[in-house]
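Structure record follows, encoded as structure tokens.
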Amino acid sequence: MSDHNHSHLSPMDARMRALESLLTEKGYIDPAALDEIIETYQHRIGPQNGAAVVAKAWTEPDFADWLRNDATAAIHSLGFTGRQGEHMIAVFNDDSTHHLVVCTLCSCYPWTVLGLPPTWYKSPPYRSKAVIDPRGVLDDFGTKLPKGCAVEVHDSTAETRYLVVPQRPAGTEDWSAAQLERLVTRNSMIGTEFAKNPDAVQADG
Amino acid sequence: MSDHNHSHLSPMDARMRALESLLTEKGYIDPAALDEIIETYQHRIGPQNGAAVVAKAWTEPDFADWLRNDATAAIHSLGFTGRQGEHMIAVFNDDSTHHLVVCTLCSCYPWTVLGLPPTWYKSPPYRSKAVIDPRGVLDDFGTKLPKGCAVEVHDSTAETRYLVVPQRPAGTEDWSAAQLERLVTRNSMIGTEFAKNPDAVQADG
Amino acid sequence: MNGGQDLGGMQGFGPVVEEADEPQFHAHWEARAMAMVVALGAAGKWNIDQSRHARESLPPADYLRFPYYRIWVEGVCKLMLERGMVMPAELENGTMLEEPLEIARILRAEDVEAVLIAGGPADRPSTSQPKLAVGDVTTTINAHPSGHTRLPRYARGRSGTVSAILGHHVFPDKAAKGEADVAHWLYQVRFSARELWGAQADPRDGVTLDLWEPYLVAA
Amino acid sequence: MNGGQDLGGMQGFGPVVEEADEPQFHAHWEARAMAMVVALGAAGKWNIDQSRHARESLPPADYLRFPYYRIWVEGVCKLMLERGMVMPAELENGTMLEEPLEIARILRAEDVEAVLIAGGPADRPSTSQPKLAVGDVTTTINAHPSGHTRLPRYARGRSGTVSAILGHHVFPDKAAKGEADVAHWLYQVRFSARELWGAQADPRDGVTLDLWEPYLVAA
């Protein structure tokens, strides 16, 4: 990269280039490994993994039970293992309880099933408000809870990572797991939104 | 001020000029009153007021008792009345207890006896640390407490304002109140330091 | 509110550093800002608690990095905007575009001394008796209002001892909402440092806070 | 530490705003920063708790306003400087001036997949039994260490109920000081929202935190 003209770079881009070049020269990092890590989280690990877990739980009661009782083993059985997913807990939304996941102290997030967290998840507004005013957070996302529904917030203070299993939308009784996966959004697995309604995807189904 | 060339001003200076000009035009403020307020706090009200209170308390036991029991009346009796000094409390340092004053929530400070607060008093380092680690704050000021001395911190959460009466330095037994005033520093009346030692001022005494 | 202003007990700001021979003001605008805020008090458009709330509701990152008098400027601009005393476009270019609002009074130079000497006492007459006495053990409430309050986070849900009864004073939580007539008994309450900070604190040390009756419950 | 990172329960940051069609990275440097921090883990010079502490001890005003990946960059530079892996002058101009330190390993592209898949489990074998059982009522300690801890301020000195036993995990407070072998029983503890926030909270709501045994005392 040293042959690039750096003058057009932002200060942070310039700083990172200098840092990467220094650490490479010192033998601490291999730029090709960085490319590979970026490629992994841009294309191979993301919310599609979590959607597969959720759709399977919706369609296979035994898997749902396993997920509830030992999320780590159930999720690892699908090949979703590794960094920031070593110890998993799955929490299930229903009409009486809605779950919401946050990390108030940093940005803990279940990378193996959701990929890297979005900016809002790591931001002071979300991290501060999720625990003291979770209903206000849901309002910010336009999410209206059923009347009488409780909110359980999970603050990821340890190395356990939380996956929210949203409620299966009505009108999907005859859908396959592959079809259902398209209803399971990243935000629905953090708990700030619900899974999509069937009509949101049926048109191109 | 509108005839000044603004191009050399810092952004905040320029902004304040525009704001002052606007509020003057709208009839909300009179720039001459601002001049007068600045003049007052630069030259007429300051730590010399508090030093007079302390020196009087050191030399007149009856006044010290009054100050202890009704600081508001005792201080007002010297003519030090007004804004940010309406309700006063005086706390007396001795070998067993050292007092320290802070306002963790904003910058409450006894203006009538100390003038306007210094920047450090209003800064996050002081406001955060004074209550949780007052001994660390004293270290920052190079202040070493007598062995076994307790620290009492006063967080100015209401409209009461605290004045610390430092210990009278040894070797000043025959000093007049006027001489003693020169030993009483602003910081000694906040509690981050002691009063000066006689030898610090004796040379030019 | 649990805003950027609630600093008691935070860590990581580094040592307290005193500037040598610090001037009263670091720039011309600081002096004008201080005086302007004091002078605008005469307009009668807000009380001290509304003023404090305007400052503490600045974005926390700004609150923590702005010079203190800039916090005052931002606060006073917010107050004037909220009340329609000034318009955003007026602040933008420093010229009047709309008629001024009526104000209680404009502070004139010749009245400055008298106004500063008068101050603004916060005590109010009372027909009630204080519920607590010196020596009583009391526990603070654990509340987290989004509005203004003067019970800092570090002292919520903690037990202390009443060390003085300070009078019957305007209650900030209500005054900040414009209910400037509500007053309550005000106490000095002493907390041991260990109650506030745990075993790491020196057992001899303590912190006093001046707290209104609605902040306190009998222990 | 009670640093800028301890955000739970703060107010005044405004609504949560989701960026429409947010890209995975907002600039080239963000992607490189994420990958660099992940890759440097292989060097074996720090553990995850030391890494978190390096970030949370940034000046709070910076912590609150920096883009998140910049917090990572500042943290990793601090870690490398502390260990002598790089010198300030080297960071200044991006060229090596001193010999590198020996590291455990350099992560190569062909090993990335295996390393990411392996992860770094935090559970450790135990010969002890958990002191608490599911359903037990427990109270958190009120401690304010200047070092790393994972018991946030809003949950100190509060009572909750053990809702799960999660295993015997590396203890962050010690790991952040380099004592990576110390492990303790880890519990999920459920607090009612009212216990944490007072009467303003919905009585149905609750918050769980995952807390180690040294953070808890029997109620």
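In this document, chain identifiers A, B, C and D correspond to the written order of the chains, with residue numbering beginning at 1 in each.
Quick note on the criterion: contacts are C-beta pairs under 8 Å (C-beta built on N, C-alpha and C of every residue); 3 or more make two chains touch, one makes a residue touch a chain.
Worth saying up front: this structure is predicted, and the values here are computed from it rather than measured.
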{"item": "Other chains in touch with both subunit B and subunit D", "value": "C"}
{"item": "Chain whose Cα centroid lies at the greatest distance from that of subunit D", "value": "B"}
{"item": "Distance between the centres, which are taken as Cα means, of subunit C and subunit A, whole angstrom", "value": "41"}
{"item": "Inter-chain centre distance, subunit C versus subunit D - centres from mean C-alpha coordinates, in Å", "value": "34"}
{"item": "Mean-CA-position distance for subunit D and subunit A (Å)", "value": "17"}
{"item": "Junction residues of subunit C, two or more chains touched", "value": "2, 9-11, 13-14, 56, 60-61, 64, 144, 196-197"}
{"item": "Numbers and ranges of subunit B residues touching at least 2 other chains", "value": "124, 132"}
{"item": "Residues on subunit B engaged by subunit C in the complex (per definition of touch)", "value": "10, 12-13, 15-23, 25-30, 32-38, 40-42, 45, 81-87, 89, 102, 104-107, 112, 115-116, 118-120, 122-132, 134-135, 137, 140-141, 148-160, 187, 192"}
{"item": "Residue ranges of subunit C in contact with subunit B within the complex", "value": "5-11, 13-19, 22, 24, 26-29, 31-36, 38-40, 43, 48, 52, 55-56, 64, 67-68, 70, 73, 77, 85-86, 90-91, 93-96, 100, 103, 106-109, 111-113, 115-123, 150-152, 154-155, 164, 166-167, 169-170, 172, 186, 188, 190, 193, 196-197, 202, 204-212"}
{"item": "Complex interface listing, subunit C residues touching subunit D", "value": "1-4, 9-14, 56-61, 64-65, 141-146, 153, 157-158, 196-200"}
